[in-house]
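Take a look at the structures below.
Shared chain: chain A. Partners: chain B in the first complex, chain C in the second.
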Partner chain A sequence: MLDYLLSQLLNGLVIGVIYAVIAAGLTIIFSILKIVNFAHGEVFMAGGYFSYFAIALLGLPALMGIPAAMLLCFLMSLLIERTLLTPLYSPKTERKGDYGVLATFGVSILLRNLALLVFGSYPLRPPSFWSGSLIVGAIYLTWDRVFAAGFGVLLLALLVWFMYRTPWGEALNAVGQSRESASIVGIDSTRFYRLAFGLGGALAGAAGALVGPIYSLSPSMGLAPDTQAFAIVILGGMGSVPGAIIAGLLIGLCENMFVAFFPDPSRALTYAQAFSLVVLMIVLLVRPTGFFGRRHMAME
Partner chain B sequence: MTRSLAGQAALIALAAVVAVIFPHLVNNYWLSVGITALFYAIVAASWALLVGYAGQFSFGQMAFVSMGAYTSGMLAKYYDVPIPLGIATGVVLCAITGCVIGYVCLRMRGPYLALFTVAFSEVLRIILVSEAEVTGGNGGLQIPSLFRGRSDLPYYYLGLVLLGGSLALMGWLVRSRWGLFFRAIRENEEAAAAAGVKVVRFRLLAFAIAAMFAGLAGGFFGHYVGILTPDIGSVDQMGLVVAMAVIGGPESLIAASIGAILVEFLLEALRAYEQWRLVLFALVLLLTVRFARNGLLALGADSVMRVFRRRDAATPARTA
Partner chain C sequence: MQPLIEARGLCKRFGGILAVDHLALSVQQGELVGLIGPNGSGKTTTINMLTGHLSPSAGEILLRGERSEGAAPSSFAARRVGRTFQITQLFSRMTVLENMLVPGLARPHSHRAEATRQARAHLEFLGLAKLEGLQAKNLSGGQQKLLELGRALMLDPEILFLDEPFAGVNPFLRDEIIGLIQKLHAEGRTFVIVDHDIEAIQRLVKRLVVMARGAKIADGAVEDVSHDPEVLRAYAGV
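What follows is the complex of A and B.
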């Protein structure tokens, strides 16, 4: 029983890191463009497929699938931002929050159905980054999971460095805190909106590429992470990257512990999907500003 | 003014005549498409009432549809409750749940509300999937039909009556003082409250009323199809309703329901293209959101009106 709990714990940590990568991307978009991006899960899904096809069609080594997915997701996000999100910057648009929801919700329907059409509904499984498993005593963890967690941690560290130690990161933060003040000190906010949306997409794409060999790819794989990432973003305090990382690990862990302790194993897996949704609802009800502060990040 | 009123009356009469003779012009397949279209039209109109008029951005309408359908279906299946009574129970349950959701969401606006209602619908769907002994799970729940005969005609006419009744009720509501309060809340909650609108009461009412119509549509459609699956309340189904209402025009009940009927018929007519049609509709939805936020029908009606007005303005000039 202890071994089972321990391996559930480790699996929870791995998933938590992936959640944190997805949520960190979402939180950047959320804090800077001030929209709830309903298409984030679909960009994550696209990242998985981009990596798969970069490996399968171009013959890249498995590891190169991740940067390929990040680059393609970055470009795809730029395309979405240029074509659909520019009304958010115009003072003429009424009720921008609703516009953002409708536009990104439309993108998510489009991408999901486009994926069904192009990739088919059969699950695809990309090649392993690192085959075999890590076995210590009775604990069993595939190397793919270890690798995904390690790479995720690396990405998150890079992101924190970028956000807090580089001029671009500081400019992003400034635009997130106040559009007007950022303009006064000479920051071209539109450029940073674009950067934020692209960066968020690239992170989602990386997460998609990382989970490919662990689970398999399907056009609907973005549905669950989307709401999970929202739960994490709001729990971690909107716009706070460190908050999103902590909350991501927390949700990943709790979800796996929930499965381990749920009395009826046949229902545990389906109810596990509801776990983060219920967390999301409770956080929205009890403390809409999250547990890590950042009140100024509230929606307009 | 009187001319446009007469025009409206003529249009409604024409639509009614077409709707009444429609089943006699088509085969059974298209009749069932027609019934489905009527169902979606009620749901889209209820979404337009909540989102377009009251400004409460909710993705929960299909969850209320499934709540109405499952309540009535399970009452009829397990307790032999007469179906009309079951549907009424479903409607009441939806109204209560709508009130509760409206109440707990009082502090939330716009995108937060959208998120909360998405989470609510998904939790409901997951419960319906998980409690398979009672709900049938993903395999579906067989429930009794509303009418005994083999023919779909009674369903069609009942759906037509329901749609007409719902539109009349909701239309009367939005033209009443309450409708004015709804729109005031949509535009600016603080200003509305300052002007004496009971914001809390009317936000709850908007949720409850919209949920009731969704539950009614769900009960009707559930007993027509005869088999319920948790997928009725899925995000994809909600996306379809949103697309229908937005393409038609979310700020008009009639435009939203016409949008629903058009989209449903086009979806069936383009069935040969399978997945492409959903991609196509997603694209149309995005274009509408981006360039014509009041809906394609409103845009079309506007440009027609403009042409007429120009002609009206031109005629006296020529005679003078």
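What follows is the complex of A and C.
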């Protein structure tokens, strides 16, 4: 029983780290641009495919699929931001939040259907980063999962360092707090909106590349993690990167424990997402702003 | 001598309202200018255009002789134009020191240690040194005004536009701010100050520009402008 519990805890941590990477990207976009990016799950999906094709077509080693996916998702996000989101920065645009939701929702539908058209509906599985399994006693974990968690933790650590220890991160934080104030101290806000959207996309792309060898790829693979990421962002506190990381780990763990110990295993997976929302509801009853949230966030 | 900043035929139209009407204004290096006028006379709109926060509908802005109308506020800040706002615009969830460091670190080739040293020197000068660890939102209104001035100083500005620096400030702190502005001016910095506190402005500046209904109605020495019949009519209703 203890081995089973430990196995499930470890699996939950792996999922939690992946959720945290996706949610951290989403929360950066939300905290800086003040929009909910409904296309984030599709960028995650694109990251998986970019990694797959970088390995299959260019013959790159499996590990190089991750930076390739991050770079391509960064560029794809820049393209989305430059072509569709610039009206957000204009004082003439009213209801910017609504505009952001509608624009990114449209992009999500476009990307999902484009993926269906280009990649087909059959699941694809990229090669393993690291084949084999870690077996300690009765605890069993594939090395791909261990690698995904380790790389995810490394990415999150780098993100926290970037956000809180570099002038670029401080400038992002400043733009997120007040675009007006940032501009009078010499920060070109538009440049940092671009960076935030690209960075969020790169994180989603990395998560997509990391889960590819574990769950395989399909055009609709972004739907469930995207929904979870929204719950995680709210749970962590809208706009808080550390909050998103902690909430991601918590949701991953809770979801896995629920699936592992739900009395009817045949239905457990179906209810897993609902269980995360139950966790979210309980936390919000006690802390309406989430773990590290603030009351008001809207585009100036 | 080339003016530090100059506006030629500057206009700003909001729908059917002409908020600034063909304004001509030039400020020389080292001047301390007061910009006054009744509510709605276009003072803040003018400095918003002169610092890049609004694009003029017509006219030219020359910063050190270079055409600059329509440039972004960050571009003005990079060219050593600082400003403060009527309602302070701080990074409210950052500490006092962090607020000071943002402009310091935003400058090219900046170093944290050097920026921190400069920030602490400015905080000392402004009397905010003991509050460096406090979040900006927890400062009093007057302290927030001082911090905004300090943050502008981190740009090492040649010219500073202060929008109502004495509004909502107690008389003691007002005198302190006047003293600080005088010291900074003595160091060679140029100021354009917009305020309704005529007494404070008269104590501080040598040149007054008066606006009414978007147009400049007087520009000259304080003594001359204060007795100008058109100014008395437009500004004081006399």
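Methods note: the second predicted complex is superposed on the first by the 280 of 300 C-alpha atoms of A that agree within 3 Å, B and C clash if a C-alpha of one lies under 4 Å from a C-alpha of the other, contacts with A are read in each partner's own complex, and residues count from 1 in each chain.
We take it that a residue touches a chain if its C-beta (ideal position, glycine included) is under 8 Å from a C-beta of that chain, and two chains touch if they have at least 3 such contacts.
These figures come from a predicted structure and were not determined experimentally.
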{"item": "Side-by-side fit of chain B and chain C on chain A, or clash", "value": "fit"}
{"item": "Touching partner for A:A182 - first (chain B), second (chain C), both, neither", "value": "second"}
{"item": "Which superposed partner A:G97 touches (first chain B, second chain C, both, neither)", "value": "first"}
{"item": "First, second, both or neither for A:L13, with chain B first and chain C second", "value": "neither"}
{"item": "Which of chain B and chain C A:L116 touches, first, second, both or neither", "value": "first"}
{"item": "Chain B versus chain C as contact partner of A:A171, first or second or both or neither", "value": "second"}
{"item": "Partner chain(s) touched by A:L63 [first = chain B, second = chain C, both, neither]", "value": "neither"}
{"item": "Vertex chain A angle, Cα centres of chain C and chain B, expressed to the nearest 10 degrees", "value": "90"}
{"item": "Superposition-derived comparison: chain B or chain C, residues of chain A touched", "value": "B"}
{"item": "Chain B versus chain C as contact partner of A:V146, first or second or both or neither", "value": "neither"}
{"item": "Distance of closest approach, chain C and chain B, by C-alpha atoms in Å", "value": "20"}
{"item": "Set intersection of chain A contacts, chain C complex versus chain B complex", "value": "none"}
{"item": "Chain A contact footprint on chain B (complex, rising order)", "value": "55, 57, 59, 104, 107-112, 114-116, 118-120, 122-123, 126-127, 129-131, 235-236, 239, 242-243, 246, 275-276, 278-279, 282-283, 285-286, 289-290, 293"}
{"item": "Of all residues in chain C, those that touch chain A in their complex", "value": "51-53, 72-75, 77-78, 82-83, 85, 89-94, 98, 101-103, 105-107, 110, 112, 151-152, 154-155"}
{"item": "Contacting residues of chain A [partner chain C, same complex]", "value": "167, 170-171, 173-174, 177-178, 180-189, 294"}
{"item": "Partner chain B, residues of chain A touching it in the complex", "value": "35-36, 38, 83-84, 87, 95, 97-103, 105-110, 112-114, 116-117, 223, 227, 230, 234, 267, 270-271, 273-274, 277-278, 280-281, 284-285, 288, 299"}
